[in-house]
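After this come two complexes, each holding subunit A, first together with subunit B and then together with subunit C.
Now for the complex of A and B:
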């Protein structure tokens, strides 16, 4: 497919294609991070994860409407406030959901699957009643639109850079929170042995609640960032849910590194296959490879170290 | 001001005169309804069957609104054969078996005289056997892939050749386009449409298709595809991406520097409705081929847009399908009046050749034999505010649901 092109043209395409793979990796990681925490640390299958993404997206939309009407001077920067708002709202709703629903179902994992799926339907219809059935479009600041002209032929999408940046910051933050803070120690202790953790004086119920809310909050951030590259509507969240579970399960449920590795390999496979074959076939082949590897390694790329 | 009032009185008088021409007494129920439909001496019941919940609610809400507006206007003019139209609305819930079940309920239990409904081809295919078995009449509003024709369906949107050929002819002539990159969501409508487009490009226009690709519904990352387009540098990007993917597609094109100053993109799947979600600034300057745009400059359309906004709010936007849905009740009314009967068999025959001059898109006529509409195809250029500049209008195009040489 490269006959008749100059070396610099091909080089430019490969550079841009490399960036496309990188930003797809970041999109996957961003959407899976929250679920990886909830699923990995708590073994809760949260089917409403997509809807927490949508909460972040609608927060951004609301923020853009408010900024446009009442504070036009804020338009250039409101997006960072929107990310924060997305986190706060999704965190708060996640906290409430854990308190009123999830905590009664810890001993019945299959029931959480059904309950959170029902929750996702309720939330979708809630968005529809509140914001209307039609998709909305947050007005993005000018600097976020368009591309960065690196050379004559290489153009890097600015919204892609934003996704990469936010993913890096968020992943580092989660890493420090889980592995370098006292709170993270409690979370890991609870995951490894709940009874022992309680015996050591850890309030595991509170740890659960905050862990779940944190996972939801991170989904909210992801949702806010995704408004730059995707749609904002009542069912937008459901566009991500399959890929999200794919990344988390493939990575190995209890491992943050597994999630990162899995997001990276799936994104690269898909992006390269899309370039050389086509969209639908790329998806088929990627899924086939993932299924094949999961048959050989049922625990995912990084085996879980949770005591059974 | 006074002139305004006079006009109102005149309009009212005209409406009375029209209504006077068709009172229920002139059409005894026993004569106009020989098959046991829900027709009484002063009312007739029709069904509305769209998704108001689930993923398709995004698209179908506009159709419901347009159909209710048309029915209200018809009732204000005195109804059909002197009978007020009453509505039973059912929710297809974006689920095709539900559509079939609700269609059966409307036809068998409610005995409705006609149904305005469906949006996706999948939902239409699901209800078609029900309408044929129970002998109902469906007014279907969406532009679609063609390859279908039924005594029990009136297709008020364009079939594929009407929408596609005129658009391709225009872009070949105006932009001198020779190379095309065809892109679609992966299901029947985009695939059938691109098949027709490819045949037309290769056999009629003498151009070349440099790429044809499909992405799963709901796909949100188009980075690799965009790089391939940059590599192949087609004269025209021909896009039939739908649903949530649409938004990702245009946002990512814009971010990758594929904008209308350097590239030509022609789509048949973006209306004013979709632009709400995409944001006009992300698709500014690209072209869409449709039969209707909200910004069409004619008297019918001005009245229609004003009435629509009065009923459903100033923020409403009206896309191609919404307008086509608005035609349904009117075409049904004309067919009933021409037949002098509500009987489905008589309406199915009477519909052939019916002309409707009050359509917002301008004059339309039902084909003499295939139940599709003669209509014009227009090219609109997307503006930043989410509306279109209409820059080209074809002659009336004959509907041709089974195009020879294109399959």
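Now for the complex of A and C:
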């Protein structure tokens, strides 16, 4: 598949596709983070997680429409507000979903699968009724569309840089929240022994609710990021949910570092292969590699080795 | 201080605690004795709210806590050292203690905790799961104490622990009772530990208290008969 390219061209293609892959990596990572936090703590597999990405994407779109119509002076910066809005809206809806649905199903893990899948269908139809079936795209500010000429053959898009920056900041924030804050201590205690955490005085029901909402909020940010690489439709999120599960399983469900490594390798493999062969073959090869590795390491790349 | 009235607790069809009555006074240490399967752990879980009461009432300082979730009971002054310690294995020793701070006014481990358990200070950055049984027991007591309880429940604290540490635990219990004016309820199978620490002994059999006596008046031979297998 490399015929007809010189070595330096191949180098440039790898660099540029690699950078395009970074945007995909960011969406995967943010989605998988939220999913892994929720699954890790409550053993709930949130099939509607993709729809929270869609919520973030539509929030960004709405923000851009509002900025264009009513506050043109905001156009240059609205994207940052949109990221915050995506988080807040997805967090709030996640909180409501936990409060009104999920908390009744903790003792029935299989039913949560069905219930969240149903929820995802309801939300998709909701998007369709509100925004129509056609895909929409926010108008991205001028500066975000430019690119940065690194060398004669390598061009790096600015929006990619922004996306990577946002993801890095958010991942670090989640890391500090989980491992350095009092709230994170409560989350980790509840994950390890729910009964004892409750008996030590921790309100585990409240911890659950906030954890679920946080996971959804992160998916909302993933949605804002997503608008820079594709247009948004009612089913945009559900297209990503399978890949996201793949990232979580491949990385080892309990490991933050594993999630990062696996999101990176899957996104890069897809993006670089896509350039040389078509998209579906790229997916086939990626999946085949993942399946092969999972057969050798069923717990994922970085299974936690702590005694239970 | 703690009043239990006609408490019934059951797992599905099988009733384990049957109409149990118990009163424990302020700053008193009571040992609940009984053979395996007589309902000691079930009683403690019901006092803590981990198992629901099917009937009856539990009250602390005349506040009815029967319908409260465990964390609400902790707010009302109960703390729990469960059977088997239940340390959070992949939290550090310090983090384990900090989980108990939820109801404390200051979210910082008070200095006297490490004074009571110097070994926990030495181990503070190690994972809880890597501690020995005796160290874990001390950690579980420390975690319970930082919630500033008025009633401390200890479920079989001497189980599977070497004799020298059992003595330490007895010493610590008497010390914290004096320091903090705590009420302590401790379940035991070993009579001499109970006689060492407790002001009063209550024997549980088939889910009810069948014998009670102050330390000075207890007829050890009589109580031993309840404990013999």
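We adopt the following convention: the second predicted complex is superposed on the first by the 271 of 308 C-alpha atoms of A that agree within 3 Å, B and C clash if a C-alpha of one lies under 4 Å from a C-alpha of the other, contacts with A are read in each partner's own complex, and residues count from 1 in each chain.
Definition applied: a contact is a pair of C-beta atoms (placed from the backbone, for glycine too) under 8 Å apart; a residue touches a chain by one contact, two chains touch by 3 or more.
Bear in mind that the values here come from a model prediction, so they are computed numbers and not experimental data.
Judged by the touch definition given at the top, the superposed model places A:157 against subunit B, while subunit C stays out of reach. Contacts of A:134 after superposition on the shared chain: subunit B is touched, whereas subunit C is not. In the superposition on chain A, A:181 contacts neither subunit B nor subunit C. Greater residue coverage of subunit A by touch, when subunit B is weighed against subunit C, goes to B. Touch criterion met: A:17 reaches subunit B, while subunit C stays clear of it. Of the two partner chains placed by the overlay, only subunit C lies in contact with A:199; subunit B stays clear of it.
Shared-chain residue A:189: touches subunit C; no touch with subunit B. Touch criterion not met for A:8: it reaches neither subunit B nor subunit C.
Across the complex, subunit C meets subunit A through its residues 48-50, 69-71, 74-75, 79-80, 82, 86, 88-91, 95, 98-100, 102-103, 107, 127, 129, 143-144, 147. Across the complex, subunit B meets subunit A through its residues 52-55, 57-58, 61, 186, 213-216, 218-221, 223-228, 230-231, 244, 246-248, 251-252, 254-257, 259, 273-274, 276-279, 281-282. Interface residues of subunit A, counted against subunit C in their complex, comprise 182, 185-186, 188-189, 192-193, 195-205, 304, 306-308. In the complex of the two chains, the subunit A residues touching subunit B come out as 1, 5, 9, 13, 16-17, 19-21, 23-24, 27, 125, 128, 132-137, 139-140, 145-147, 149, 155, 157-160, 226, 228-236, 238-240, 270-272, 274-275, 278-280, 282-283.
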